[in-house]
Structures are given as C-alpha cells and as structure tokens.
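Here come two complexes built around chain A, the first alongside chain B, the second alongside chain C.
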Partner chain A sequence: MSIELKGVVKTKDAETHIYETNLKLLKGGFNVLLGTTLSGKTTLMRLMAGLEKPTQGEVWFNEENVTGMAVQKRSVSMVYQAFVNYPSHSVYDNIASPLKVAGVSKSEIKKRVESIADLLKLTPMLNRMPAELSGGQQQRTALARALVKNAELVLLDEPLANLDYKLREELRDELPKLFAGSGATVVYATSEPMEALMLGGHTATLHEGRVIQYGETAEIYRSPNNLTSATVFSHPPINTTKVIKKGNELFIQDISCCKIDGGLKNLADGDYILGVRPHHLTPFSTDENAVRVKGVVKVTEISGSDSVIHIIFGDCSWVSESHGIHPYKVGETIDLFMNINQCLLFDVQGDLIPV
Partner chain B sequence: MIKYKSLLPIIYIIFLMLPIYWLINMSFKTTNEILGVFSLWPLEFTLENYRTIFTDPTWYNGYFNSIIYVAMNTVISVTVALPAAYAFSRYNFLGDKHLFFWLLTNRMAPAAVFALPFFQLYSSVGLFDTHIAVALAHCLFNIPLAVWILEGFMSGVPKELDETAFLDGYSFSRFFGKIFIPTIASGIGVTMFFTFMYSWVELLLAKTLTSVAAKPIAATMTRTASASGYELGLLAAAGALTIIPGALVIYFVRNHIAKGFALGRV
Partner chain C sequence: MINKTTNQKAWLFVIPVIVLVAFNALIPLMTVVNYSVQDTFGNNLFFWEGTKWFEEVLSSPRFHQSFMRQMAFTGTILLIEIPLGIAVALAMPRKGPWVSVCLILMALPLLIPWNVVGAMWNIFALPDIGLLGYSLNAIGIDYNFTQGPIAAWITTVMMDVWHWTSLVVLLAYAGLVSIPDAYYQAAKIDGASNWAVFWRIQLPKMKRVLTIAILLRFMDSFNIYTEPFVLTGGGPGNTTTFLSIDLVKIALGQFDLGHAGAMSLIYFFIVLLVSWVFYTLMMRNET
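Right after this comes the complex of A and B.
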C-alpha cells in the first residue's frame, strides 16, 4: 500500500510537533524514519496509524483519503518500543487476537498463528503468559501479532531499542526477511544511523518536527542535502568547521590549507562549511594529497579493534573513527589525515554544494 | 538473637488479638458468668448464644439485610466507577483534576451530615427502609473511593495497550470487556474489598435509613442492648459472626491488596 502525507501539520497545546510535511513512502518496502528523540518519529507514525488526527493536512492510503477514518478500519499494525502485549492473554491468544476480532475461522486461526510462531521461534511459548517471557520473546510476540493479520501498513516504533545488544542484532537481521514476501509497506523508526544503513530501503531524516530528506538510504548517507540531514545520519556526529575558499586553495581555520581541483575550483570565493565524517579522518596518511589535521587529544576510546579519538582542532571538537588501536595520551598533539575529496562542502546556510 | 527480635512483633500481635479473643471468649459464656466472675476462658461453655442468633429471625435477618445492601453497593460502586476512572486516567478535559479532587472531598464530611437529608429525601420518595436506600447512600463515599483506587490501577496500564487493541480491530466496548478489565482484575478486587468493608462497617446511615425490613446487623446489636437488659453473651456472639465476612474477603484479596499498596493508591 502506498501512503502519503499531504501537508500534514500537528500541533498540541500551542506547541508544534510536526511542521508541514509532504511525504510519499515507498510502496511495499522498508521505510526508515531516522531522527533523534523528540524529532517527531513517533508522532508521524501515530498520524499514519490514525491514533492522532492531523491539525492540518491529509493522510492518503493508496488513492483514498483516510484522514478521519477510525483506527479499527485501517489495515495497520504497530509495534511499540515498550513490549505491549495483553497481559491477561496467553501468547497464543495474543497472536490470535486480531484474527479473532476479524472473525476468521478457528482452524484458519490455528494454522496462521502456528506458522507465524514458527517463523518467530515462539512455538514452545504459545501457552505461556507474556509476563513469563524474556524481553526478546515479548517483543517477538508483539511482532507476531503485527504480522499475523497481514496488514498493508506495518509501523515499527523503535522496536529493538529496549532489547539487549545480542537480541537486537539477531532481530534486526530477521526483520527485513520477515517482511520481504508480505508486500506490506513497513515504516521503521530509529535513532541509530547504523540501524538505518543495515535495514536498507528508503530513509527519511527527521529533525525537530521536520522531514529533512527522503530517498534511498545509501543515497541519503552519501549525499545528504544539508548539514542537518548529515548530522542526523552520522554516528559519531559529523565533524564540521568553517573554511574559506580563495582561488585554488581552501583555508581551514587558518591552520591548514589545501589545494582543490575538479568541480570545487569553479566555486565562488568565500565562506563555506566543511563536513568530515569521523571514519574519513584517520591517524595514518592514505595518499600524498591528504590534508593534515593537527589537534590535541581529548579522549581516546578503544573498542576491540577500533579507536575513536576525540581531538580539539582549532576551535572545534572533532572525532576520528578508525580501524586499529591507537593509544594516544590525553593532551598529546597529533596529526590526523583526511582526503578533501571525501569531505562534504556546505554553504553557510547549511545546504550541500554538489560536486 | 532471633528470639529477641521476634519478641516485639509477638507482643504487638497479642495486643491486637486480645480484644478479638475476649469477644470470642465472651460469646461462649453465659451473661451471668460475664458479669459475675473474671475468667480467661469460659468456665461454663455454652453455644446457646449462637443458637439464638441462628434461630431467631430478628437476628439472622440482620445479617441477610447487611449482606444484601453491601453487595448491592459494591456492585453499583464498581460498575459506576469503572468508566469514570477510565475517563480520568485516559482523557484530559476541562477541570478534570478539580473534578477528581472534588470526588475525594465527598469522603471528607462525616456521614452524620448526610443522615438527615437522606432520611427526609428517602422518606418522601418511598425508599425508606429498603436495601437499595442504604446501598445508594453508601455510594456517596464508596464511589469516590472506587474511582480513586481504580484510577491508580488504570494509570499503571500503558495507553499503548488500548491503542494496540484498537489497531487489532477491537471496538471500544469489546476492548474494555475482553482486554482491559482482565488486565486490571486485581485492581477491581482491591476496590471491591474496600467498598465492601466501608459499607459493612458503616452504622449511622444504615441505621437511620432503616427500621424493620432492611435493618442491618450492626443496628440490631445496638438495639438489643437497650431492649432487654444486658445480653452480653448474645452480643459477643453477634459481634464474632460480624467479623467473619470481612475476614473472608480479606483472605481472598490479600495478594491483590499487596499489589495495590505497591501502586501507591490504597
């Protein structure tokens, strides 16, 4: 099912939660809503589900305006961050409940519940109560209930956020497979850029109640249309600094200077903002054109085989993420390197300058 | 060491149980023995007091009357309080907090304040000396209490549960009956216990609004004392029997009450 928000605005108690939004989601695929807490992911989902009515604008399913339609009549299912199951019903009854309400025959219910339980590895737990399950199993039950009714629109609101690391990875791998054959349009909210990249599909970056950009996930990661979108879609956060372009040279904070060529050369002289992703800033030089970044080490975090180095570079706080163990001391002055062609260049308003 | 530690609660429990023991002790004595000698246990053990209560309709009808209006009151209170508490816990509306507080203020006035208006009103509409009269009068303080307790339990249930049910296709009434009420069953149990208890022990309104047909046991007990001298043994037996329903109800809801305390509303 295609879902479209047409000029949707949501205000609550004189506070705007969603600014005017026009968004048409990919039909029958994975759509990720990526944004920090309070960016409006949940509100957007609740508007799609019909749990809240837009203050202005319309919600369209396929070619039908469903703005005022009751929740019960929509073909929508939703999974919350908190594990929501009916505590007084067994796992079997929980999964069967949407089918029972829809008046499906008993034998058909049994067949569908069992097949979905098998898919989500819940078969041994069917007779237990939700409170007797682990967190992962509770969330699987909620997912099973969302899947069993074959809703055309499935909303997943940070479904993995409350799970522990191992379970999260396991379920994250399974999720796209679960929905692959169903033809359902899936909307998945998350605050983790890595999660969005792993799930693939399309991504909408959200910031403070506005949809900043929508498109193919990898495409948005590669070329965010502005600084906000790049910040939302980068973890650790993208490094930025002011730069001045003069002729063939780019002056970075009066500290470094580098030659530029290609499309950038034709840019008007003046002030710009340079964005460098943490993994493009490395402690070792990759080629002779690399730009040297001299900074003072603030913190070094070493996780297994990767190092995250926080440095003070001029008047900015930068982060480098690289493979290998680099145990720098706090206060040490070090050289880091970046390739200017991998960097993103924004104008002073924050819009991306296409190269 | 353990012995010293357990000494304090033992003393406390003895202190609490002593009046109840004395009541039961008296109920097996004759009035002469109660008035004549001091004895820690019945010297002349008798079941005559209990026999009187179980055979004399003026006595056992008192129990029936009490149980009838208490049951009516409990059912009315919980039925009315369920939707009210749901509204308070789920919706915001103009003046909701004030209304909620105002409900509680109904518990702040002594029953004596309402005895006269109730008596006059019920007499004029022909409700005087009926079970429903007492049941309705007790709603005055039991419904606010029930709303207060149930609201606490309902607010402990995430709103997402309601929404999930609606997304699953449940209509509101079906959700309320099939999903919501079972979810807060222990809250309903606790509420029923408290409405039962307050209605069971209330004397003034029950006594004022009844004369013969719906006379509660507590009223029967007070009147017997003045009618035919002091029948202390009989009164003690009636008292001992009056404790039983309350004790039974506490026994059944004891686990739920602990939950209620944990939620901080009881």
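Right after this comes the complex of A and C.
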C-alpha cells in the first residue's frame, strides 16, 4: 500500500507539532523516519495510523482518502518503544488477539500464530505470560502481533530503543527481512543515524516538525540537500565552518586555504558553509592535496578500535572519527586532514551546492 | 578469610528499635497471651487454665454471631467500595486542572478523624433533626437507625463507604495513570472495545494496587470500632456489634480478661490468615 500525506498540518493548543507536510511513501518499502526527540516522528506515525486527525490536509492510502476513517478500519499495526502486550494473556493469546477481533476461525488462528511464532523464535514461550519474558522476547511478541495481522501499513516507533545493545543489533538485522516478504509498507522511526543506514530502504529526515528530505537512505546520507538534513543524518554531528571563496581558492577562517577545481570553480565569490563528516577528518593522510586543519585537543574517546577526537579549531568545535587508537593528550595541538572533494558545500542559507 | 572486626558499640544502634518494638508490640501481645491462658483475679492472682478460654470462645454462640456479623459487614463494604472506587477512578480526569481538584475532594473524607465521622453520621441520620433522617421520614420512608436493625446496618455501611471509598479511588487512580498511553493506542489499533480495554488492560495493570486496596480495606473493616461505636454503640440490640465492639464489651465491660484475651488472639489470627491467603493467591503469578 502506498501512503501519502497531502498538505498535512498538526497543531495542538496553538503549538504546531507538524508543519505542512507532503510525503509519499512507496508501496511495500521500508521507510525510516529519522529525527531527534520532538522532531515529530511519533506525531507523523500517529497521523498515518489515524490515532490523530490532521488539523489540515489529507491522508491517502493507495487511491483512497482515509483522513476521517477510524483507526481500527484501516489496515494498520503498530509497535512501540515500550513493550506493549496484554498483561493477563499468554504469548499465544497476545499474538492471536488481532485475529480474534477480526473473527478469524480457530484453526486458522492456530496456524498463523504458530508460523509467526516460529519466525520470531517464540515457539517455546507461547504458553508464558508477558511478565515472564525478557525484554527482547516481549518486543518480539509485540512484533509478532503486528505481523500476524498482515496489515498493509506497519508502524514501528523506536521499537529497539529499550533493548540492550546485543538484542538491538540482532533484531535490527532481522527486521527488514521479516517485513520484506509481507508486502507491507513499513515505517520505522529512529533517532539514530547509524540505525537508518543499517536498515536501508528509504529515509525521511525530520527536524522540528518538518520533513526535510525524503529519498533512498544511502542517497540522502551521501548528498543531503541542506545543512539541516546533513546534521540530522550524522553522528557524531557534522562539522561546519564558514569559508570564503575567492577565485579558485577557498579560505577557511582566513588561515588554511586550498585550491578548488571542477564545477566549484564557476561558483560566485563569497561566503559559504563547509560541512565535513567526522570520518572524513582523519589524523593521517597520504593524499598530498589533503587540507590540513590545526586544532587543540579537547577530549579523546576511544571505543574499541575507533577514536573520536574533539578539537577546538578556531572558533569551531570539531569532531574527528577515525580507525585506530590515537591517544592524544588534552591541550595538545594536532594536525587533522580532510579531502576537500569529500566535503559538502552549502550556501549561507544552508542549501547544498551540487558539485 | 575475611577479618571480622568486633565492636560491641553497634548494639547501641539496635537497642532503640528493640526497646520500641518491645513496648509497642511484643509486651502488649505477651500480656494478652498471658491473660488468655490463665484466670486472673485481683491482687495479681493467676490460675493456669491452658486452652480453656480458647475452647470457650470458639464454642460460644455470641462469638459466632459477632464473627458472622463482622464477615457480613466486611463482605458488604468490600463489594461496594472496590467496584465503586474503580468506577470513580475511571471517571476521574487524567490530566488538566481538574485532576488536583478531584484528588483533594477524594482525600477529604480520609482526613477526618474517625470519631468525628461517627458523630457526623449520627447527627446526619437522626430521624428528628438530621438532614438525612428527617428528609427520609418526610418523604414517607420509615427510617430510624436507633431502632430498626436494617436502618442501622444501612447507615453503618453508608458511613463506611463514604469514609473509605476514597482510599480505593486514590489507589486505583494511581494504578490507572501509570499505564503508558501506548497500551491504549495498541488496543485502539486492534479494534478493542472499551469493555475489552478495561478487562484486558486496565484491570490487570491495576492488579497490584487493587490487591493492596482490598487488603487494607479488609484489615481496617475487620478492625472497625470507633465509627459504629459512636454511631450506634453496637445497637439496636446487638445488630451492629462487630468483633471489636464485642471484644471491648467483654474485656472492659465485663472485665472477663481470660475470655477477652483468647478472643483477641483468635481475632488476630483470623485477620492474619485471611490476609496471608489472599495476598499469596493474588501474587502467585507475579514475578
């Protein structure tokens, strides 16, 4: 099912939660809503589900306007950050509950519950109560409830946020596979850019109640159409600084400079904003054209085999993320390198300048 | 090996608690035990009686009657207060300025001293000058709680319901507001009816607080003394003489210390046993 929001606005008590939004999600695809807390992910999902009515605009499922349709009449299922199951029902009855409401026959229910339980590795737990399960199993039960319904639209609202790291990775791998065969349109809300990249599919970046950009996940990551989208889709946050272009040279804070070529040469002289992703800023470089950035180390974080170095560079606070362990001392002045061709250039309004 | 240090001064920290518990619970309880197995006369003369008093209490029709009265009363008020409390809690707003207004209104009856509640209801229900009693008689209902056993019972039950339903409301409300909104949304998406939401989500989620509410109301109503004593004094006749009123009559009215001591202990064990069985049953499936 394709789902389309046409000019949807949501306000609550004079506060705008969602500004005018036009978004069309593809049929049968895996869609990620990426944004920080309060960016409007949950509200968008509630609007899609029909748990809330838009203040303005329309919601369309396929060729049908469903704006006023009650939630239980839409073919929707939803999984939440909290593990929501019926507390007094066994896992079996929990998974069977949407089918019972729909009036499916007993033998059919048994068949479908068992096949879903098998898929989600819940077969040994079918007779247990939700309180007797681990967090991961409780969330699997909730996912099974969403899957068993064969809903055309499945909404997953940060379903992995309350799970521990191991389980999160495990379920994250399984999720796209689980839904791939079902033909359902899946919408997955998350605040983690890395999660969006791992899930693939399509991504919509959200910021303060606005959809900034929508498209293929990898594409959005590679070429965000503006600075906001790049900021939302970068962890650690993307480094930015003001640059001045004069002729075929680029001045960074009046000190470092580099030559530019290609399409950028035709750009008008003036102020621009340079965006550098943390992993494009490295302590070593073999590239002789690399731009050297001199900064003072503020913090060094080492996670396993990666180093995250926070530096003060002029009036900017930058982050570098690189492979290997680089135990720099706080206060030390170091050189970091970046390749200008990997950087993103924005105009002063924040819109991307295509290369 | 761990080297243990010995410091007898630690006792100083424990002694206050031991003294407190001793005077608060152990010594009074042991005094009662002492009375219950002996015949007590003036000048501290004691004669060993063994289980005689216990046998006497357990075979006494008077004890059976007040015990049955007590069970009937406790059963009645639980059947009214628990469903009523849940219903009121469900009807209360979950957010907005009215929440605190409702909570304060609910807490008011709980703040009133018990003997004041008894006195209030006594005056309120008096057939000649009380608002309730006078009004009922004025519209042709023959109501006099000082003479009619049924009227006395209804008044006592009404008083208890008025005084204590709030406690159930507050506990049930606390249980209700702790249910995450996601549960209601999930139920809505499933197409569950309001009735199903109540039975499948709200009631199971309130189970713990309701267990506490039922236990508290059971224990309190079983021990009820002040309010019916002020309202009816156990009358008319013996119709509202509950266990504790009967106990006081025997212990202080008749000064029958052995009998009263044995009765107290039996009474105490009934409360303990029922509470324990109930709690164990309710918490059997909880982890």
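Quick note on the criterion: the second predicted complex is superposed on the first by the 355 of 355 C-alpha atoms of A that agree within 3 Å, B and C clash if a C-alpha of one lies under 4 Å from a C-alpha of the other, contacts with A are read in each partner's own complex, and residues count from 1 in each chain.
Please note the rule applied: a contact is a pair of C-beta atoms (placed from the backbone, for glycine too) under 8 Å apart; a residue touches a chain by one contact, two chains touch by 3 or more.
Since this is a predicted model, take the numbers as computed values, not measurements.
> Could you check whether chain B and chain C clash or fit when both are placed on chain A?
clash
> So, A:L344: does it touch chain B (first), chain C (second), both, or neither?
Touch status of A:L344: no partner.
> After the superposition on A, what does A:I212 contact: first (chain B), second (chain C), both or neither?
Neither partner.
> Which holds for A:A131: it touches chain B only (first), chain C only (second), both, or neither?
The answer is second: A:A131 touches chain C but not chain B.
> Check whether A:S77 is in contact with chain B, with chain C, with both or with neither, and answer first, second, both or neither.
So A:S77 meets both chain B and chain C here.
> For A:L51, select first, second, both or neither according to whether it touches chain B, chain C, the two together, or no partner.
both
> State which residues of chain A lie in both footprints, the one left by chain B and the one left by chain C.
49, 51, 71-72, 76-78, 80, 82, 84, 86-89, 97-98, 101-102
> Across the complex, what residues on chain B touch chain A?
Counting only chain B, the residues touching chain A are 158, 160-161, 163-171, 174, 179, 182-183, 185.
> Inside the complex, what are the residues of chain A that reach chain B?
49, 51, 71-72, 76-78, 80, 82, 84, 86-89, 97-98, 101-102, 142, 145, 149
> Can you list the chain C residues touching chain A in their complex?
Residues of chain C touching chain A: 180, 182-183, 185-186, 188-192, 200-201, 203-205, 285-287.
> Within the complex, which stretch of chain A touches chain C?
Interface residues on chain A, with respect to chain C: 46, 49, 51, 71-72, 76-78, 80-82, 84, 86-89, 97-98, 101-102, 129, 131-132.
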